[in-house]
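Here's the structure, in structure tokens; my notes come after.
Labels for the chains are A, B, C and D, by order of writing; each one numbers its residues from 1.
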Amino acid sequence: MQIGVIGLGRMGGNIARRLMKAGHHCVVFDTNPDAREALAKDGATAVSSLGAMVDALTGKPRAIWVMLPAGRITEETVAHLGELLKPDDIIIDGGNSYYKDDIRRAKELSEKHIRYVDCGTSGGIWGIDRGYCMMIGGPKDAVDHLDPIFSALAPGTGDIPQTPGRDEGDSRAERGYIHAGPSGAGHFVKMIHNGIEYGLMQAYAEGFDILRNKNSADLPPEERFDLNLPDIAEVWRRGSVISSWLLDLGAAALTKDPQLQQFSGFVQDSGEGRWTIEAAIEEAVPVEVLASALFARFHSRQEHTFAEKVLSAMRFGFGGHTEGSGPVGLSRTESAKGEE
Amino acid sequence: MQIGVIGLGRMGGNIARRLMKAGHHCVVFDTNPDAREALAKDGATAVSSLGAMVDALTGKPRAIWVMLPAGRITEETVAHLGELLKPDDIIIDGGNSYYKDDIRRAKELSEKHIRYVDCGTSGGIWGIDRGYCMMIGGPKDAVDHLDPIFSALAPGTGDIPQTPGRDEGDSRAERGYIHAGPSGAGHFVKMIHNGIEYGLMQAYAEGFDILRNKNSADLPPEERFDLNLPDIAEVWRRGSVISSWLLDLGAAALTKDPQLQQFSGFVQDSGEGRWTIEAAIEEAVPVEVLASALFARFHSRQEHTFAEKVLSAMRFGFGGHTEGSGPVGLSRTESAKGEE
Amino acid sequence: MQIGVIGLGRMGGNIARRLMKAGHHCVVFDTNPDAREALAKDGATAVSSLGAMVDALTGKPRAIWVMLPAGRITEETVAHLGELLKPDDIIIDGGNSYYKDDIRRAKELSEKHIRYVDCGTSGGIWGIDRGYCMMIGGPKDAVDHLDPIFSALAPGTGDIPQTPGRDEGDSRAERGYIHAGPSGAGHFVKMIHNGIEYGLMQAYAEGFDILRNKNSADLPPEERFDLNLPDIAEVWRRGSVISSWLLDLGAAALTKDPQLQQFSGFVQDSGEGRWTIEAAIEEAVPVEVLASALFARFHSRQEHTFAEKVLSAMRFGFGGHTEGSGPVGLSRTESAKGEE
Amino acid sequence: MQIGVIGLGRMGGNIARRLMKAGHHCVVFDTNPDAREALAKDGATAVSSLGAMVDALTGKPRAIWVMLPAGRITEETVAHLGELLKPDDIIIDGGNSYYKDDIRRAKELSEKHIRYVDCGTSGGIWGIDRGYCMMIGGPKDAVDHLDPIFSALAPGTGDIPQTPGRDEGDSRAERGYIHAGPSGAGHFVKMIHNGIEYGLMQAYAEGFDILRNKNSADLPPEERFDLNLPDIAEVWRRGSVISSWLLDLGAAALTKDPQLQQFSGFVQDSGEGRWTIEAAIEEAVPVEVLASALFARFHSRQEHTFAEKVLSAMRFGFGGHTEGSGPVGLSRTESAKGEE
């Protein structure tokens, strides 16, 4: 079928390519002409404005996949499309919007009988070949109408073993996409997916940190081990309880550079990790691990927090402690023997 | 080759079976005669004492795999074997011993020229078919001598894709086992493996908890979703960033019973999770996620902590608050509007 | 001066009494006639409606202190007063409103030239004698106008030693109240105050929990201590680094009942603890301790989380573990020796 | 009475001075001759070796207070004294030894009928005037014999209000010292004291961090506040629920320098915080707050953890994300809008 794709970055461009490979026809737009041309070479119809896209989409209802950074730009694009499109047309937000924005937008657009579908899309740069895992929210008729699109983007069953007892369930889940519920439900599930992702990554990261520091000069010599992290990551991929795709990626990175020297250790976070904690708080669900994983990223972006200075100031207040300053002070693992 | 196996529970029995299937000959012992007989039927030579096992092992050096609960019983068994065995013989502790016990035992046994190998073994009840992931510590000559054993127990390369750049590394890691370092290194790596496992499990668990409570009556009606957890777990197995073997298990459990009603929520922990935190503290490595995952298990085994009563007592002290008691008090998600 | 007080619960009633004791005249209202009468006996002018209060306040500008639970009831009362009052009149919200609500309300009311002051008020049931600590936001002219009110409610300098170097600062802080900034700043500072309070309480609570369980039968006998918690709490009040008013309250509670048997361990939380975490997330400030303190309260209100059941289900999946169920299963402190 | 004091640093020197001021006679030793001479000027009998100290103590039984950094130096000093002293003599370890070391030492010394008392001592540099809070473990006869010493060092009741219901308890707690239990109990209680201290400090520190960053350029302008931290700290000392001695110290530091620029933010930790977590783990007591407070200090001493690099490496693996590096990359509070 015919579909518009707005936003031709790493994700959007590859989504269009995977759709075209499956026989769908893509009308594409990006503010960057180079991105448009690249897709045109791969067979897409490139247009130079939203209006031109709406005109170029000849099938009815029109369907337009918006794949832009969450926030202002997605908001404005959806609003603009809301003015250009006609009743029954469908807007799919495939980015990482906040699910409460979806609920609001769907309500606003429904007054014009335009259908809004929120689609959380996981897969990263690998999705073009591996397929995208999609979590979809919105009206059933729109989701059903788009089934050929979702089916083409999804990984399909592949060689992943069937879960025992799945015979009676919705087969879409086994092919890599679900209709999670009404508007917002798709991005909500994707948001929790990313929250979990943060927790998983931090668990591996802390574990490798302990392994690496097992050779610290501050430990008793007989308890030091100089461990081979690439081999450890590799062996855990093989029959262990903690094998996973994230571990596969970690093993690849450690194999390439066991010290990970190319990485500064400055780690970004996107909105989903934050919203996950807020959702948990709204539900009164305790989420120590997911919250700690988020805070670890906040830590990574600061040399020293003000909180740390407050600690030092209090210690100085009661103990007259003068804190070291790294290299010339206390070693990283040595604990002070001061009086408190 | 010939090997003794002591401890024929879920793990030990299956290890013996997988070894025999690969053509090795097992002399087996367990204090439970039924367990011995079951293995004898499968082709093992069953003996009724440690002494009889040592006599029955005719190859030199002897190799005995101890697969018992960590702690006193393993300690006593290794000590007893130390009295029965001869120079060059090998004891493998395949259980979950504390790595500092390994260091001590290896040193004690080396005075008698008995070789001690610590082998962390992951795979659970699935290992008999899927193979066991093994992390091994101890003297190189002993580990090399046992290579046919480890090779038979390991999963092998199977259909797991090769990590880019692995060509030059130790191929054993790709077949599912590693010689991690000197005595204790095997169990140390396995310990961290389990610490990570706790963190991964807790991350998934918290995520599913948020999903499930998204239908809470305390949320605004337009923000409630009645989510299908089995479908969500299933779709995440397909092309998402958080696919893993633990998620496969979670999907299977949720498919069987979306409410998980057969589980009380009372969760045990084994020593490894605790020792992981202690190791991190010794190295001054911050491990918020791994520690929180451990504490979550401690929480699960208490109806109310004394800490909670202290909180209530202080609140009563400054605010005169009388706390509810569940059903008749504040609902789980409602926050109090009291003065503090 | 003359002031209206709406809401005569534990906090509002005592605030009116402390004001009258200082010579101010209070016009009071509560939906509960008994509460009104009680204050009338103490010298207040009781009225039976908001309209009657506005009429009874003869001085200009009028000032009305709203002391109601945060949320809908405060919202509606402020809105109602906005209709009844005249330009220059002042509404003080002395409760625990969310500071973003203050910003919105202040803006709305300013269109009618009504002045809105947000005042975070700490002191609990002790405030009537001990005085109230107040954190105030809003327009300077309104805060200055109300200075006699704030001054009367505040503790004053009392016998608390002066902080070295304070001579040049705002003396109001030393008397127990501050003008923290524009609208919302008062409740924002009070919100963080309560967030800190949660963290402090949880730190003490965890410490006493460790002390109490030092007599556990699961510890080696020579490492068990049967500690006297009331004596420990008492001695820490005397010259130790951790002396505080919260500890004073804890010591009183433990002295009355060392087992705290009257408390179920079911602990409520009010909005401030939750909003504190959200504020930190908005600022990307890592707050592991404050978040953990909040989650501990969430835990206290559930017998078992769904997360715990997910853990059990996964453990069953890979290890065939059947979890105990408390009394008949694993003891609280015993760790399982299972295979993972 | 007569007492020996070994170790004349900030704590030991002041302890001797406070004892002498109360009329006791101190024989003092330190490896630093200047420290000895300073005390001699204040009236102590300075000696130049442990042997000389034992000779100089003429009363029977002798009592020697060891006030040295925990660890090797305390261990060796106690062992040396064990060789020099006679039956009934008393060694007091007033430092921060690990309570399991106390249990061992007390047992070893008891074979020579030398009595060992472990005394956790809180008060820091203020103790000389404010008095020391002491938590004491060991044999009752020794603790009773030393009562004049403990009584002189303790703060006494002062003007701290009596806890309601204390009339019948042990009056020593109200004067600032307790006999907590058998050997090790004193240092155990002091250890938990310090663990709580870490939690309290971190709670304040996180709160001030949120306050300070409320002026971040990444927040919406109408939600920014430029808060006066010294005033806020000051007002919280006055009638609020979170007033404490640590807050007094924080207020003093912020008054002196609201930016705390003299402090690097590099925060040490002593053994007690670490041992507190290990004790909790042994008892299966969940201690999220105390553990997080410890980990925050670990964080403060590293520019970037290896864990953070692992996170970056995984993100690069699935998303091709290149992380910024602080100033030139993502701002501290901006969240990335990347695809995951």
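What we mean here is this: contacts are C-beta pairs under 8 Å (C-beta built on N, C-alpha and C of every residue); 3 or more make two chains touch, one makes a residue touch a chain.
No experiment lies behind these values; they were computed from the predicted model shown.
Chemist: Between chain A and chain B, which partner chains are common?
Modeler: Correct list: C, D.
Chemist: Select the chain at the greatest separation from chain C, using centres from the mean of Cα atoms.
Modeler: B
Chemist: In terms of C-beta pairs in contact, which of B-C and B-D ranks higher?
Modeler: Of B-C and B-D, it is B-C that has more C-beta pairs in contact.
Chemist: Centroid from C-alpha atoms only, then distance chain B to chain D, rounded to Å. What do you get?
Modeler: Going by mean C-alpha positions, chain B sits 37 Å from chain D.
Chemist: Centroid of chain B to centroid of chain C, CA atoms only: how many Å?
Modeler: 43
Chemist: Chain A: which residues touch two or more other chains?
Modeler: 122, 124, 197, 202, 204, 206, 209, 213, 241, 245-246, 252, 274, 284-288, 292, 295-296, 299, 301, 305, 307, 318, 332, 335, 340
Chemist: With touch defined as at the start, can you tell me which chain C residues reach chain A in the complex?
Modeler: Checking each residue of chain C against chain A gives 241, 274, 277-278, 281, 284-288, 291-292, 294-296, 298-299, 301, 305, 307, 318, 340.
Chemist: Quick check on the complex: what are the chain D residues that touch chain C?
Modeler: Spelled out, the residues of chain D in touch with chain C are 100, 103, 122-124, 127, 130-135, 154-155, 157-161, 163-166, 169-170, 172-178, 180-182, 184-185, 188-189, 192-193, 195-200, 202-204, 206-207, 209-211, 213-214, 216, 218-219, 222-223, 225-228, 230-232, 234-248, 251-252, 255-256, 276, 279-280, 282-290, 292-293, 295-296, 332-333, 335.
Chemist: Where on chain B does chain C make contact in their complex?
Modeler: 9-11, 69-71, 95-96, 121-122, 124-126, 194, 197, 201-202, 204-206, 208-209, 212-213, 245-246, 249-250, 252-254, 260, 263-272, 274, 288, 292, 296-297, 299-321, 323-326, 329-330, 332, 335-340
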